[in-house]
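One chain, subunit A, links the two complexes that follow: it is found with subunit B in the first and with subunit C in the second.
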Partner chain A sequence: MTARALRLHLRARGVPRFGAGLILVTVFAGVAAQWLATRPFFDGPGARVPVVALAPLLAALLLAGTLAGADESLERVTPVRWRLVRAAHVGAATVLVALLLAATGLHDPAVYGSYALVRNTLGCTGLVAGAAVLIGARLAWLPAFAYVVTVYGASPARDGGWENLWAWPLQPSTAGWSWAPALAACAAGAVLYVRWGARG
Partner chain B sequence: MIGRILRIELRHGSAALAALATAVGLTWVLVANPAQWVGQWGGLAVYLRMCLLVLCPLFLAAGAWQAGRDRRARTVELLGTVPRPAWHPMLTGWAAVTLGGLCGLALPLLVAAAMTARLATYAGPGWWGPLPTVPIGLAAASALGVLIGRRFPGRFTAPVAGLALYVGLALPAYFPDSRWAVLSPATDEFRSYVLWPASFHTWQAAWLGLLAAVFLLLATRRWWAAVVPAALAGTLLVALPPDEPAEDPGALALVCTERAPRVCVTRINEFLLPDVDAVLRPGLERLAGIPGTPVEAVEENARRPGGHRPGTAWFSLLDQATLTGGVARRDWLETTFRSSLGDDGCPPPPDSTGDPVEDASWRTELAAFLWMEGDPPPELTALPGQRQREWIGRVFAASRACDRAELARLALS
Partner chain C sequence: MTVAVEELTVRYGRRVVLNGLDLALDTGVHGLLGPNGAGKTTLMRVLATVAPPNGGGVRLLGSAITGEKELRAVRRQLGYLPQTFGFYPRFTVREFVEYFAWLKEMPAARIPVAVDRALERVGLLDRADDRMKTLSGGMQRRAGIAQAIVNDPRLLLLDEPTAGLDPEQRVAFRSLLRELGVDACVLVSTHLVEDVAVACERVSLVDGGRLVFSGTPAQLAAAGGDGDAGDSAIERGYTAVLRAARA
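On to the complex of A and B.
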């Protein structure tokens, strides 16, 4: 893929818009996390739960728009190694989102900071990539959105045990088992997407 | 004519999806926090207003999804050839998703009302006051969704705008003293035992209704027509509601067990009394006959600042009711009761380390609490029975009097 083709490909997938949205989300996450962590009436960095839950979700929602072109079937007849392109696309986007969001939680990273942001980024992008394969990129945002919002709505119910598994987006990063579903979603979503691509 | 489009929209548009989403959303938040509403009519009305934190974003997303449909389906030009004002389909689309969403709320609400009716022991005057604002607030949210969806018809507008509204509605919770919080339909300022005057609810309904009108007029690009409701809404902003909320004495009246030692709950929590009594009675009976210790346990909601009652221990029923009307966390209920035995809002001792090994007063209190739990330390069991009870009485009395020196003197070793 030449540099021009790459540029056209990225533009066709709406990557500039995704980049602008991602910058907004990062700035918002950074400001909100800083504000929440410095309020005297909260318990310091532990008050950053809303940012940890919602910022990776927002970034993943924006990513969903870039996972398919205007006409997938037409694209696939072109002599391009699409699996490689898809792997690079989803891999680079996940790493970029994770790095940017992690930078917003560097202060006390273990208490609802960088580590939890990275975990949730991996989980949310995995959910979105998997959904793009199963139900198409148009509605790929729906499962991750519904899942995280539902778990967030039930936040009073979280206190260890099974909650580590089903409510992983809200667990502290020190809860080891909360990483398992996030990593599983990330691996499954990435493998599905790289192998089959978004449903046309 | 509009009625026919509305029927078609209701049957074939996003209304069914909106109904499903709001039904699932409301069911989920009701099940997630039963303690807020089970058994209390006032609690149900108030909690529904808190649920708007989740429901408003859903209605906004539904409105945005509906409004962007024609552009996503690339039928704008085709529909433009129809000799019908552009605001007709837009207004019917908004009405359809709003009605659909409201219908979706009906079933979980009816179930919640039936569950509340089974247990409720009190319905204060005007407990339903916060309810009429609910559909108006939701209609305003879907109107905002229509406005956003017309401007940005993309596929990701609905979820992103929904999340943004969620964050926006959650913001006032971080500014508890702000008087601007009354502008939001979703508020956590309400309590099931506090009555807000009718003028306040009317003000909020008028504000949100005008907001909905402004959003819809802006969505149809009738800029000048939007000025009128916007100006009216502006005047409401200048004249924030003056009336203050007042506690409902009927809701906070105490209902007690007949046999001594008494256990009392407020009238809105009467359905929990048998369970609370079963949990706290053993502890109260353990204290019976010890001078200076409480002879009754009373729910904390009835406690007034400065109202010191030496014979009373307090307990909290916060987040305690389960869906079936029982007590959710018996150990926590007991903990709040026990900690009130030795606490009367004392300031933290300045030079204390909080370590029972170094601090004799802490050691004394710890021994008394272990005795309450039925696991007294050996140095206490070494005393004869009557001496043990006298010692316990003096410890709790000193503890409630914030007398750290006396507590240190009472140390057993």
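On to the complex of A and C.
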């Protein structure tokens, strides 16, 4: 594939828009996390929970728009090895989002910092990728959005028992079991997406 | 045979859409007629390798599609225009056709010439640098036809290609079809029997998921009588064949 073809493909997937949105989310996450953590009336780094929950969600919502072309059936009758393309797409996007967001929480990575941002990025991108297969890329943002907003609204205990599993987006990264559902969502979503692609 | 279909069965849930359909097509322009829900679009999707069959055999361009290698080889020589298609609104017409040339794995050196030629054949060369979203519906349809023919396919599948084209464009399109049919197998699904009468060498009529007629447009026209509904001989033939098939 030449540079020209790659550029056309990235534009066909809306990657420039995704990139611009991701930069905004990253800057917002960095500024907001710093501001929250340094307010005297909050409890230090623990105040970054909203950023840890919402920044990966916003990035994943932006990613949803890139998971399909304008006409999936038209593209799929071409001889391209689409599974490889999809694997590269979802893999590269997840790594990029995780690295950028992790950079915003590096000064205190363990307490609602980089580690939790990486975990939530994995979970949210997995949810979005899986949803794209089941309901199409256009609405793929909806299940992840509904889930994270519902969990956030429920205000579960932090570092608790079952809450580690179902409220993983709000748990500190030290809550070991909170990684399990995020990693499972990431693996399942990626496998589904690579195997079948977004629903046309 | 470019297309050889035997006992093709496709089901959506419990509904049988294609029911043991047989079809054989070679080089030339072939019309595919049938009422709404007859299974025309499903047949096109199977031949375009979008939808897998539930039963029966499909050989395209001389090979049965048994694996990834055969599938990719067929797809390189395939052109497909669905009934409706999505496009990238910010792409120019040239970029849209060029993108599909890349996806069809055409050699890079051939692409610029092939894109211009495809656009010229559908009469869009003067709009090549306009954005897709600025085109009329008929022009977008012609851009869709251009992406389908950019790789000089040996098998070209066009589902309702003349929908949205004005009479002058339809006349030009029929001429293009005849030109394409010299070297390729072209299957055109349409409701417009006059397009078939003028542009197609052979016509297949599908009803209820089965092939109920295969022959020349003249043979279809001859199947009708004065008592059959229709404003032209071929329309009367069309309604007569359907009536006989449903009897």
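Assume the second predicted complex is superposed on the first by the 196 of 200 C-alpha atoms of A that agree within 3 Å, B and C clash if a C-alpha of one lies under 4 Å from a C-alpha of the other, contacts with A are read in each partner's own complex, and residues count from 1 in each chain.
Assume a residue touches a chain if its C-beta (ideal position, glycine included) is under 8 Å from a C-beta of that chain, and two chains touch if they have at least 3 such contacts.
Computed from a predicted model, the values in this text were never measured in an experiment.
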| item | value |
| --- | --- |
| Touching partner for A:Leu57 - first (subunit B), second (subunit C), both, neither | first |
| Subunit B versus subunit C as contact partner of A:Val77, first or second or both or neither | second |
| Which of subunit B and subunit C A:Thr150 touches, first, second, both or neither | first |
| Touched partner set for A:Ile23, first subunit B, second subunit C, both or neither | neither |
| Which of subunit B and subunit C A:Gly65 touches, first, second, both or neither | first |
| Contacts of A:Trp141 with subunit B and subunit C, given as first, second, both or neither | first |
| Sites on subunit C touched by subunit A in the complex | 45, 48-50, 71-73, 75-76, 78, 80, 82, 85-91, 95, 98-100, 102-105, 108, 147 |
| Footprint of subunit C on subunit A - complex, ascending | 1-2, 5, 8-9, 11-12, 69-71, 73-81 |
| Residues of subunit B defined as touching subunit A within the complex | 25, 28-29, 32-33, 54, 154-156, 159-160, 162-163, 166-167, 170, 174, 319 |
| Subunit A - residues contacting subunit B, complex | 21, 36, 39, 50, 54, 57-58, 61-62, 64-65, 138-139, 141-142, 145, 149-150, 153-157 |
